[in-house]
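Labels for the chains are A, B, C and D, by order of writing; each one numbers its residues from 1.
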Amino acid sequence: MPELLAVSALGLMLSLFLGLLRVLRGPVAGDRLLAMQLIGSTGVGLLLLLSLLLDQTALIDVALVLALLAAVAAAAFTGQELETRDD
Amino acid sequence: MIEVMASLLTVSGVGFYLAGSIGLLRLPDLYSRLHALTKADNLGLGLLIAGLALHTQDLLIALKLVLIWLAVLAASAASAHLIAQHARRRETQS
Amino acid sequence: MTAMLVLDILLVLSLLSLATAALATNDARRSVILFMAFGLVLALAWGRLLAPDVALAEAAIGAGLSGALLLTAVRDQAHRALRSSRKPVHERGRANLRVTLEWTVTLLCIALAGLLAWALAQAFDRAPKDTLAQAVSANLAISGVSNPVTAVLLNFRAYDTLLELAVLLTAALGIFALGPARPGHRAAGPVFDGLARWLVPALILTAGYLLWVGAHAPGGAFQAGATLAAAAVVLRLAGRRSVGLPTGHTLHVAMVAGVSMFLAVGLGLLVLGRPFLGYPPAWAGGLILLIETAAMLAIAATLVLAFFGGRPTPAPGVAEKTS
Amino acid sequence: MVPGILARTAILALLWWIITQGEVGAWLIGLPAVVLAAMASVSFGGAALSRVSLLGLPGFVALFLRESVRGELDVARRTLAPTLRIQPGFKNHRLQLNDPSARIFLTNCISLLPGTLAARLDGDHVEIHLLDASADPEPDLRRLEQAIARLFDLSLETNDA
């Protein structure tokens, strides 16, 4: 059912676009970052869908890397506060 | 039959993603919005991956997809907590 | 497939609005987060364009690692701004100079972009269509690998990659010139520790996988090096001063590993009477893997040095176990 | 310690096998990668991973999935209603689990389950943000803690003082 997969992919892209509105709107950095996390995992879902839809198994690996690195950004964002309090 | 199941799972997964994004836009404060994040990852990606695993009908690929789901789950639970803790700390400091 | 068309339009719209917003803001941290989101959507766009190699590099470096690097840099800049605001400065002269400088740089950038666009247009006009791609696929069998991108990077145009590694080495030397590394991070909370506990081994495994898979599918030393560096960044954020990055001579060896392995293989082949970096087809696969492994280590070391922001120094007083 | 290292190495080897889709040639890189990853893992010290009891696993997974679906439907109803029907607020919960890594695991589960979010973990207290603070989350949390205790083969601290 490639049609249905394509529509699903469009649904995810729409969801990602809505998430982007929150990244643009903020208001604080935490809001932007959490929206980043959401579009990150939406991106993982979209890549997996596309891998099936476009017949590109390599996109699964892209999704894997994206999934693993998503947390690094949040860690860097909150980790910095720990050091700022230091000095 | 399996095709129908797979499609149903995929579409409902996308539905939960959309619900999460709408929540992200509608909910009034940072903490409430964090709920939207972990929910989309948990059920949205979970159902989507269940659907895709049924679609591929390849055990090894299915296992890899489940690994990706677990990674996203653990990462989003930790980042949601980190962001909430970060905001909470600032609130109580000022 | 109208659904895919709408999807493509949404992708392009997202990229344009994120790029505009990232450039239009004055707040450096907001700009960085928008840039990270841009990198993420860009990775998706590369995936959609059937270029998973580029998507992988963008996901590892654009969306992940450079975000961590830039967020740290922003914090550092904020500190410095606080410190320097206490000293009196000749405000007006500075401001005038800054405006002039900004305009000069902007005009230069526009001129450069125009020049590049013109050169590209010329190239597209003159180049015969598709002959390069055909040449690559015709010679893929003797390249030692079955992934055309790796075949080009490590065999057909190995000189380019050698010089890229030399550029990275220069960057690492530049980082050394910044002085001693930043002191590091305070130990993070238990939840982050729990995350690092599984994330670091997972990143190491993934780096190994990307290194290996590069021979016949998207992947390779650059993506693997970035993933390995991410593991070190997580360790650093978890409060470990030394993150497996060696110090002293061992670090120097790691930094030059990529370039020196390349040169050793090239010179060895010269001695054997072959052209520089002209691998015999039978050995090509093994030699490429050898070079890629060394390149991965060098790339990871350079990226970690960038995150350190200077020359790593041995821990003062208490000797810490390296992991 | 030694069984712990072996268990971790075995799990990492399994992960490698899945990631590489079972390809044999990959072990050339896989062996050093698994050893390196195991060393990194060991450097974090003992983990509850080696204590996971297979008997507790199905119960935990079933509870987690059931609660996810139930909670998600509830949250979706609240957030998609024409007027938002939420009443966000914080509540404190005292943990009965003693083991540090089991506590982290519980904290993550609380965040993942719809309607609750663990905002701060402080000793044996966890501060929970609720989308609907008028409801009492205690019974659900107790059940979750029990399932995790069985998963890691731990006993709960029973004194409620």
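Side notes on the structure shown:
By definition in this document, contacts are C-beta pairs under 8 Å (C-beta built on N, C-alpha and C of every residue); 3 or more make two chains touch, one makes a residue touch a chain.
This is a predicted model, so every value here is computed, not measured.
Chain pairs A-B and B-D differ in how many C-beta pairs are in contact, and the one with more is A-B. Innermost chain of the displayed assembly, by C-alpha centre distance to the whole-protein C-alpha centre, is A. For the pair subunit A and subunit B, the distance between mean C-alpha positions equals 10 Å.
Per-chain Cα centroids separate subunit A from subunit D by 22 Å. We define each chain's centre as the mean of its Cα atoms; on that basis subunit B and subunit D are separated by 15 Å. Each chain gets one centre point, the mean of its Cα atoms, and the points for subunit C and subunit D are 33 Å apart. Across the assembly, subunit C contributes residues 189, 191-192, 194-196, 198-199, 202, 206, 209, 213 that each touch 2 or more other chains. Touching two or more other chains at once are residues 14, 16, 33, 35, 57, 64, 68, 70-71, 75, 77-78 of subunit A. Counting partners per residue, subunit B has 22, 34, 36, 41, 61, 64, 67, 71, 74-76, 78, 80-82, 85 as the residues that reach two or more other chains. Touching chain pairs in this entry, ordered by label, are A-B, A-C, B-C, B-D, C-D. Interface residues of subunit A, counted against subunit B in their complex, comprise 1, 4-5, 8, 11-12, 14-16, 18-19, 21-22, 28, 30-31, 33-35, 37-38, 41-42, 44-45, 48-49, 52, 57, 60, 63-64, 67-68, 70-71, 74-75, 77-78, 81. Residues of subunit A that touch subunit C in their complex: 3, 6-7, 9-10, 13-14, 16-17, 20, 23-24, 26, 29, 32-33, 35-36, 39-40, 43, 46-47, 50, 54, 56-59, 61-62, 64-66, 68-73, 75-80, 82-87.
Only residues 3, 7, 10-11, 13-15, 17-18, 20-22, 24-25, 30, 33-34, 36-37, 40-41, 44-45, 48-49, 52, 55-56, 61, 64-65, 67-68, 71-72, 74-76, 78-80, 82-83, 85-87, 89 of subunit B touch subunit A when the two sit together in their complex.
Within the complex formed with subunit C, the subunit D residues making contact are 8, 12, 15-16, 19-20, 25-26, 28-30, 32-34, 36-41, 43-44, 47, 100-101, 103-105, 107-108, 121. Contact residues on subunit B toward subunit C in their complex (touch as defined above): 71, 74-75, 78, 81-82, 85.
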